[in-house]
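There are structures below to look over.
First subunit A sits with subunit B, and in the next complex the same chain sits with subunit C.
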Partner chain A sequence: MEKFAKAFPSRPLKAPKDRRWALAGVVGSGNLEVMFERNAGGPDRMECHVETSIPGYKNSWLAALADFAGHYPVGGTKVTIHDQGAAPILVTLRLRQAYNHLTKATT
Partner chain B sequence: MAAADFTARRTNKMRRLGRIGKLARGKFVSPKNIADILKRIIEPGDIVCLEGDNQKQADYLANELAALDKKDLHDIHLVMSCITLPAHIQLFKKGMVKQVDFCFAGPQGATIAALVEAGKFPVGAIHTYNELYARYYMDLTPRVALIAAAQADRQGNLFLAANTEDTPAIVEPTAFSDGIVLAQVNEIVDKLPRIDIPADQVDFIVQAPYPMHLQALFTRDPAAITDVQILMAMIALRGIYEKYEVQSLNHGVGFNTAAIELLLPTYGEQLGLKGKICKYWMVNPLPTMIPAIESGWIEAVFSVGGEVGMERYTAARSDIFFTGRDGSFHSNRAMGQLAGHYAIDMFIGASLQVDINGNSSTVSKKRITGFGGAPNMGCQPMGRRHPSKAWLKAGAEANPGPGSLPGRKLVVQLVETFQAGRVPTFVEELDAQDPSIKKALHGVAPVMIYGDDVTHIVTEEGIANLAACRSVAERQAAIRAVAGYTPVGLKRSRRVTQDLRARGIVQFPEDLGVSPAQASRSLLAAEDIKGLVRWSKGIYDPPAQFVDW
Partner chain C sequence: MSQVELYHEQTARQRVAAIADAGSFAEILPPPERLTSPYLAQLGIPVSFDDGIVIGRATIDGKKVYIAAQVGPFIGGSVGEIHGAKLTGLFMAAARNRVPCVVLIESGGVRLHEGSAGEIAIAETMRAIFDCRARKVATIAVIGSDIGAYGGMGILSACCDFRVMTEHGRLGVSGPIVIEKWMGKQAYDSSNRALVWKTSGGKTKYLLNDAEALVHDNAGAVRAAIAKLLRKSGPVNLETAKARQQELEKRLKRFSGTADPDDVWKSLGVRDIERASLASAPEFVELVKAGKATVGKIRR
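This part shows the complex of A and B:
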């Protein structure tokens, strides 16, 4: 088990105000859950909290999260990740899916 | 000076046949005499072709050959497509082989690597399929060919059923050079459904005590396709199939391309691509193509081999598949590979390792697998002269010089950045470059597909258009940009990636209009084998190992 947190610079989030949070994935073997929440922090920062069952990959996590914050306007959000040994290739997909859910227009 | 003898091979063949005497009744041989027959028709120094590829095996003859004593079989020059059976390995362990020339050693890859290390694997070269067949007509013409057929009739004609595979490419050069062709057959019948090999080209026939081995090699259970593979399939469909309007193609055999096949009737229809892409295929009868075929996407499929369980389905869809006068499926590996070389807009497949220059390989230090057919298709055919929309469009992007072809085949590597067990796909240098492997192969590193031939690399991160890169440095940067969080990917520069993205050389899902939220298994036209059976209206008969209901 390894836990760490870090904030990354990002452009402010553009999403319907009523959408407070979004979730993608589940905590299960080889999978992970990613939750986005609007937070009270600065509008130009994505705050990340990662909890993973497989230690030793902190640098990869930080690089993936930094890239994500660079690609997408996610400033003003808090991202919580609970990982249970997901393949690295699944991480960005879940981030993108949660972001999709957060930003799509309310139906 | 003595007159040169220009018919020595014929005389020699007569001598060998003379040694058989009453061991055969005409062409027909009893299994109890097969060991004696093999001893009498093979001489030391012979080039012996043992039929066997990744699906079909002359396994009875291989077993009989491997059971001989070294005093009766030695110094043979073995030529064969695939070294896959324990009997093949026995030939090396017993020291019967003075040289081997082959294509692929999938399941025996680790054993071959160990034999190489022990100096017991005297390899001439590892080939691609058509390259080896071509040499059967040049400097590696077999003296003896041991082949497999489904049925023989009383005259000695052979029926090859769905799995024609390599057989004609082996028989022709052997039979027309005074070589000896010995066929194992599953049964001997009065009338064949159709004649695939005429009796004229066959010297001996033995009814094997057990049917030849046929491997279900191309059956991919949709249940094992992941969300990430579906995302990659969506990226490929938009960024390549749609963009270039790919009409004719070959798919590899992995789950990544199976995902694409299963997205055609769903995501492909949503995009309005039906009738615009993916009409002509050079591919085995893949069960995962059933939904696309049933939905009317596919015009024609030609195959290098059959697939266990697809017999009734292919016979009932004879507009799509090539079938004989008897109505059953026909394949041909040499001709299929030729079609895949010259006549397709796109080859797309996966690999185990890709280096920073786009070279790929399935060889690792402990596993020597070889090539098979991918390099024949995953390359630029320099002899191509006919245009197609995709070929010209890809060619224009590659900015051809005054001395080069105007078009390019799309050669696409579809890889996840990591393999199972967190092993990175992207590496600075291929394991295939290992000095001991190169030494065993006389200085040639076993590269599957060369970076210069690759036009695109697709990963879960996005697409790198290598053909549009203008320098080696740019190509390396484009590869790093889609290499994810592998050590190769972590070395990318954000500024350079942004520049490549601005120029369209690197594209991410959002640049292609791909929504990751849609990347879920529910997008597959069939989510399991049973779903494929349903799509086939009950005429696909999956092999027992895939049936869990």
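This part shows the complex of A and C:
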């Protein structure tokens, strides 16, 4: 198990105020769950907490999260991740799914 | 939205959303509460925000219900301490407030990593289910996922008033691989999917009267079946328990020498095995009803 946290600069989130949180994915082999929560820290920071069963990939995680925070306006959110060995491409997909759930009407 | 949504392919939250009236679901202890397993971290296993079960209040056809859905992909939908406590609490609330309770099962039973706590939680949930039944509060188990309902969850589902199954669902106590390990491949070949489904699948369970409804692998069909059953509840007392025991003894006597599940189907009035095997769930129900005349009073 490896745990770490870091905040990344990001443009402020634009989303309906009534949606406080959003979840994507599941903790399963080669998978992960990602939860976005609103209004955690400052409006121009994405706060990230990662818990992964596969140690030794902190740099890859931080790069993926920094990239996401740069591409999407997610300032003022807290992201918590429970990972069980997901590939980097899946991490990005789950982040986008959770972001979509938070910002767009879901079915 | 043109794609067909299969119940067994949906996630727990998607199932709840599709079965409850639109927008009626209010989750109890949602993920931001972070009520997670206190044991898994010691074993190097990541926790899940909801400990593998979604619970809450909703309405179905305008009627209030409590509803739970297990998350199969998280450690096999297994019942750990928190998972079990959420399930117990939901049924206790159902009994107290006299609101029917529906549980969408996708679980192999107790989470072995927290075994004792899980076993106790299942026992406590059973007690809460019987509290519901004593107060004539309907309890419904839905079994239609890949994992099915096995171990403690198989037993728990049998404690409920009703079981709604799809052809996909399986119900049992020991899983196929466990049976094969103990009894040998000749006794039970767990890789023979047709055999496994014909002994524990939805169609057979419906035929044996272990499931009260057999429906399409689709949340809409499951929802319709639940709506029909919400009004009813069966009491549990010495008389009904004895009657059920007699029924099971008769079944054991009748089928204990049977090696082929097809013979069980035939004996229960299915005349065309191939047609019945290929039939959809509603078609199968029709076939069973048509066969009823030839077997006499096998169905209640």
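To be clear about the criterion, the second predicted complex is superposed on the first by the 103 of 107 C-alpha atoms of A that agree within 3 Å, B and C clash if a C-alpha of one lies under 4 Å from a C-alpha of the other, contacts with A are read in each partner's own complex, and residues count from 1 in each chain.
Everything below uses one rule, namely that a residue touches a chain if its C-beta (ideal position, glycine included) is under 8 Å from a C-beta of that chain, and two chains touch if they have at least 3 such contacts.
Remember, predicted model here, so these are calculated numbers, not experimental data.
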Sticking to the clash and touch definitions up top, decide whether subunit B and subunit C on subunit A clash or fit.
-> fit
Is A:A63 touching the first partner subunit B, the second partner subunit C, both, or neither of them?
-> first
Partner chain(s) touched by A:G28 [first = subunit B, second = subunit C, both, neither] | second
With the two complexes superposed on chain A, say which partner A:H71 touches: subunit B (first), subunit C (second), both, or neither.
-> first
Once both complexes are placed on the shared chain, angle at subunit A toward subunit B and subunit C, C-alpha, multiple of 10 degrees | 80
Which superposed partner A:L93 touches (first subunit B, second subunit C, both, neither) = first
After superposition on chain A, the shortest CA separation from subunit B to subunit C (Å) = 6
Contacts from subunit C onto subunit A in the complex sit at residues 1, 11, 13, 30-32, 41, 44-49, 71, 73-75
Can you name the residues of subunit A that touch subunit C in the complex?
-> 1, 20-21, 23, 26-28, 31, 33, 35, 37, 51-53, 80, 82-84, 107
If you look only at subunit A, which of its residues touch subunit B in the complex?
-> 59-60, 63-64, 67, 70-71, 87-93, 96-97, 100-101, 104
Complex interface listing, subunit B residues touching subunit A | 226-228, 231, 416-418, 420, 422, 459-461, 484-485, 490, 494, 508-509, 515-517, 519
